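In order of appearance the chains are A, B, C and D, and numbering begins at 1 in each one.
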Amino acid sequence: MSWNSFGRMFRFTTWGESHGPALGVVVDGCPPGIALEEGDIQPFLDARRPGQNRFTTQRREPDQVRILSGVFEGRTTGTSISLMIENVDQRSKDYSEIAAKYRPGHADYAYDAKYGFRDYRGGGRSSARETAARVAAGAIARKVIPGVGLLGHVVELGGDRAERFAAQHLESSELWCADPEAEVRWKSRLDEVRKAGSSVGAVVEVLADGVPAGWGSPIYAKLDSELAAAMMSINAAKGVEIGDGFAAARLTGEENADPMRPGPAPGDPPVFTANHAGGTAGGISTGQQVVCRVALKPTSSILSEVESVTRDGEATTVRTKGRHDPCVGIRAVPVAEAMMALVLADAFLMHRAQCG
Amino acid sequence: MSWNSFGRMFRFTTWGESHGPALGVVVDGCPPGIALEEGDIQPFLDARRPGQNRFTTQRREPDQVRILSGVFEGRTTGTSISLMIENVDQRSKDYSEIAAKYRPGHADYAYDAKYGFRDYRGGGRSSARETAARVAAGAIARKVIPGVGLLGHVVELGGDRAERFAAQHLESSELWCADPEAEVRWKSRLDEVRKAGSSVGAVVEVLADGVPAGWGSPIYAKLDSELAAAMMSINAAKGVEIGDGFAAARLTGEENADPMRPGPAPGDPPVFTANHAGGTAGGISTGQQVVCRVALKPTSSILSEVESVTRDGEATTVRTKGRHDPCVGIRAVPVAEAMMALVLADAFLMHRAQCG
Amino acid sequence: MSWNSFGRMFRFTTWGESHGPALGVVVDGCPPGIALEEGDIQPFLDARRPGQNRFTTQRREPDQVRILSGVFEGRTTGTSISLMIENVDQRSKDYSEIAAKYRPGHADYAYDAKYGFRDYRGGGRSSARETAARVAAGAIARKVIPGVGLLGHVVELGGDRAERFAAQHLESSELWCADPEAEVRWKSRLDEVRKAGSSVGAVVEVLADGVPAGWGSPIYAKLDSELAAAMMSINAAKGVEIGDGFAAARLTGEENADPMRPGPAPGDPPVFTANHAGGTAGGISTGQQVVCRVALKPTSSILSEVESVTRDGEATTVRTKGRHDPCVGIRAVPVAEAMMALVLADAFLMHRAQCG
Amino acid sequence: MSWNSFGRMFRFTTWGESHGPALGVVVDGCPPGIALEEGDIQPFLDARRPGQNRFTTQRREPDQVRILSGVFEGRTTGTSISLMIENVDQRSKDYSEIAAKYRPGHADYAYDAKYGFRDYRGGGRSSARETAARVAAGAIARKVIPGVGLLGHVVELGGDRAERFAAQHLESSELWCADPEAEVRWKSRLDEVRKAGSSVGAVVEVLADGVPAGWGSPIYAKLDSELAAAMMSINAAKGVEIGDGFAAARLTGEENADPMRPGPAPGDPPVFTANHAGGTAGGISTGQQVVCRVALKPTSSILSEVESVTRDGEATTVRTKGRHDPCVGIRAVPVAEAMMALVLADAFLMHRAQCG
């Protein structure tokens, strides 16, 4: 159960609102004896942090994480790990307009319809600030599966696809873009979008290397299913693909085949000569690279007036001033990477439980 | 937990292999007092049943469902409902080849890597026969949410999209296609594919009308997340979209907006003038039509030889003779519809628990 | 979730009513590769079976178990295992009286209050026939923890305690009694009770040897908690104890201490010189014998008239003719043993997941 | 899952160690719109707080609770509620002895056996300080079921039972004792025990009035089972009873009967003329008072030397100086009350989900 929890064995529960005093996460099921300190988590939060360049929201949060439990003398104890991040930049602002009107595309109306009222300050619980908690949990997940290498990047922005993959460019990229030429185009596009008070969508891809064959499970705990649920829980996500995804639906069986050959040495696992499947078969990892993409819609906070209604049901219009990301997909990269880490750590523990 | 279960409150657990004596499902959490008999379930199984026309596998299964528990004097009692379907057409066949070789694209290698061995007869647990159990459970879910109307159809086959939506054509369509012209093209394509021993992929869409605003929950029980997990658990699924999905990532905030207007009468819920979001905001239903699409890869069973390895790691090739669907996407329609019903029934009970 | 499921990793779901066509259980999470056939399960069902001597209900059920899934070529595959037992002796009987009146002490009124109606035939889902499903699942659990030895016995019947423990007497005992003298007294007592149409309660103890230190978990998955939940779910259970249980509450800290000494050889685990705790500390096994007792009330089905009400709220009286156990505690022994096996198998898999 | 979580729909997750910076709880599933502020929680923490009189440990903790999320403008929002309590009195102490030796009866050895090492400061996660988090969560649970009245008291201390129930005495009792004469005896006994550096056990009873018929569920979510798991998770708990509990096992069916009569007015629910069952039948509430008792062992921290071993397996002895409760059962009263509230709130939401 638990609406605010994810994972089966490696399970985390997040809490906190955009403008509350703090946000955090409790990680349960972490194996004992893993070296862990705040310095293992902070870099991932820093990578996600807003306000780092002109392409992301100007809210400035230090996002300093504190470990409150579950770690003793620098190692995980096997008990619940509590992480907390204080909210600092809760800019004093007049929220009466948001309180009274529903912002189209945001969760405002849906929350009111469900709960009868809502914490309207900065979106409350529906704010993407919640993703800081996931990124923190994801940093722990990474330590549970040390052999797995994760790489997240933006593969499409505003409908413009990256054409090549220069991994070394990623470190210096301000947009998590592995294609230097595409990054130039995207920056130019984002500058326009930002000036116009508009927004664009993006597609983020996460690659996982080093996942051994055998993680994941039939039928409803398929690795594909867990990844789909994880990625679709990210704010603004509207689509998920594993491997070739929707493109696979346009291939023939011959084109989509992932042939296998014997491994280089006797006893080695087989080698695949293609990876249309994205690293899974029957919901279980095959030892290939796990490939997952998530589509993020353009943020609904735009300067143009959009028709809406008030809480009282009167016609009105909404336009969003203030600080917002022109493309939420950019800051979704560390979040999607974290979700991949969390799903894989969970799958690893599940596999170990059943298969030793 | 539970690898073979799905749902939180309205929860079902499936069991059974392709060539075992039977398959079935236990549905837990069903509200009491709902009229239910085998005749409420059988039509959905009949719609999914193989061997009904030349476009689906020629395995012939009557798929007669029996209710073994949880129903008394024609009404659900609130206790666990057990449904069983016997396997009849387990054609006696020599499985020694499948036993010894890994069929590329199938779960053969992954199961062996995970479990050390596998039930190789017809794919065992990884066979799409398991979906009969879901369809049966879905028939019960429909009765839990009687105000919701569900419609599943194929929107793309082999890369060829349906262009129009003639709902009345669906009933007579052999391919769950609402576009009569597209159906003609698709049949021709499928005949070619079948003769060539090849296969094609498809995209299935499910629409749900009558879902009130307020179902679904933040953060990890978002309706979008639950649907993504549900759809991605279907055999051959490699992508899921809610609303505009990946296309939304190519829109601007203005293009993607779903404006709201006051409802027709005072006190009415607001009216949306677009539905890019596919009926959800913040993971919660908005009262609009819920729209979900799932991409199905072409079946990996093809007549062409594909390189593979034996269980012993020797190079070999695999080609699939025998009865198979040229496009598994067609028979996925009733399954996807059932999964939508199951997710919505669950969301309804969850909502009622928390919000009364 | 799931009202009809138990366990976290080794998880089972039961279904079936007293007078339905069958009952069964789906076991999920069983490790692959374990030798399993119906002959591994049947002896435990035979031990629980009613009608074997004059001290248990005269309902005659062969309780033949069938494995319907999850086993291939004599070994578990790692997928869901479905077991089914057909109901045979559903004696044709007039249930109109039970339908119209609430039997005090039975679940009749509570079910009606909860669900609005009930399957009144033989108690429906509240019948102890459900425990056959647990015993079947427990037989699988035993194979998951082959090093653990389980022994269940009746330690008190009608307030008369067994004084000594002659394990070898258990095999021939008709009452699961390890004290030959007590058995003589108990039989005499039960004959009186049966003739008088009365009933008596009992206390059942289950001992588990060979449980290594480290199974179980803080805080809410304590081995003690899991055992308490498991035992209290048995029909007629009203109390559970671990180790000295309520007697420990009457001891001083000195009297209740379980001193430790070094093991016989260097590197050996410590040896405990007492076991007041019943094999756990902080919810985790210590390597000692795990000791659990469950108190079963006398069955409420008695020949004496008891005041009651009809479904319509009219005053009435109820007296139970027909076949019933004079002491349900006797047949609870194999059930309590099975629950211990199920809890330990689950704890083992949970431990392996987290601690490798 | 989740070792540190409890509850199905109303679910809470605790974190924190005895000597960490803080401890806390995340409550998930709370209905929206419930008035909640820190002042609703603090009195229950104050009642549990140590150091209030000479009969409990002299650790002095203010146990000030902070609400960090899930509440907006004084009402619950339906999202996860995070509560935190800082640890203040972490007396600087030399823990090298506890680090190196296993205290018999404590979790020291079991934690080491399971996890390979442990946070030895004050027992770490196994400390009863964790129960502060439950008490805080329980305060929220009470507001979910406002019609239910809860009363916890000590019914037996050191084997000496309270003989009468003077509810009005409870408020002024320092020992949660409703029998003024027993309290005099118990105080005298506790003074002796404390001076001797010994300890005694206790039995705590919790009564719940106002629980309507129909809460709880067959088979594995029986109210009895949930209560058993909840109570057995309390530190030092070794036994649980519902209603007459173990005493019921010594009654005949006639003695144990709970007769029913028509309610006072037409349409009223039936009236029971006895309550041996403790308010449940078939695991479902009957509308009677719910009665649950839990046996707490004497604390293992005593001044007498007890044989033990070091971490290195050497023989040693342990005697506990320092601040400890002579009877942990006293401070268990607010904890047991909280667990009853938590179980009932959960059962209420579960019932509402399934039965509307």
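Keep this in mind: contacts are C-beta pairs under 8 Å (C-beta built on N, C-alpha and C of every residue); 3 or more make two chains touch, one makes a residue touch a chain.
Worth saying up front: this structure is predicted, and the values here are computed from it rather than measured.
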Greatest separation from chain C - chain, by CA centre: A
B-D against A-B, pair bridged by the larger set of C-beta contacts: A-B
Chain B-chain C separation of Cα centroids, rounded to whole Å: 39
Chain B and chain D: spacing of chain centres that average the CA atoms, whole Å: 45
Where chain A and chain B are represented by their mean Cα positions, the distance between them in whole Å: 26
Set of chain C residues in contact with two or more other chains: 1-5, 8-9, 14, 29, 32, 78-79, 114-116, 125, 218, 350, 355
Of chain A, residues touching chain B in the complex: 1-6, 8, 14, 102, 104-111, 113-116, 125-126, 130, 156, 158-159, 193, 198-203, 212-222, 224-233, 237-246, 248-263, 266-270, 273, 276-278, 280-287, 295-302, 304, 306-309, 313-315, 329, 350-351, 355
Touch list for chain D against partner chain A, complex: 1-5, 7-9, 11, 13-17, 20-24, 26, 28-29, 32-33, 66, 68-70, 72, 75, 77-82, 84, 114-119, 121, 124-125
Complex interface listing, chain C residues touching chain A: 1, 9, 29-32, 78-79, 218, 349-350, 352-356
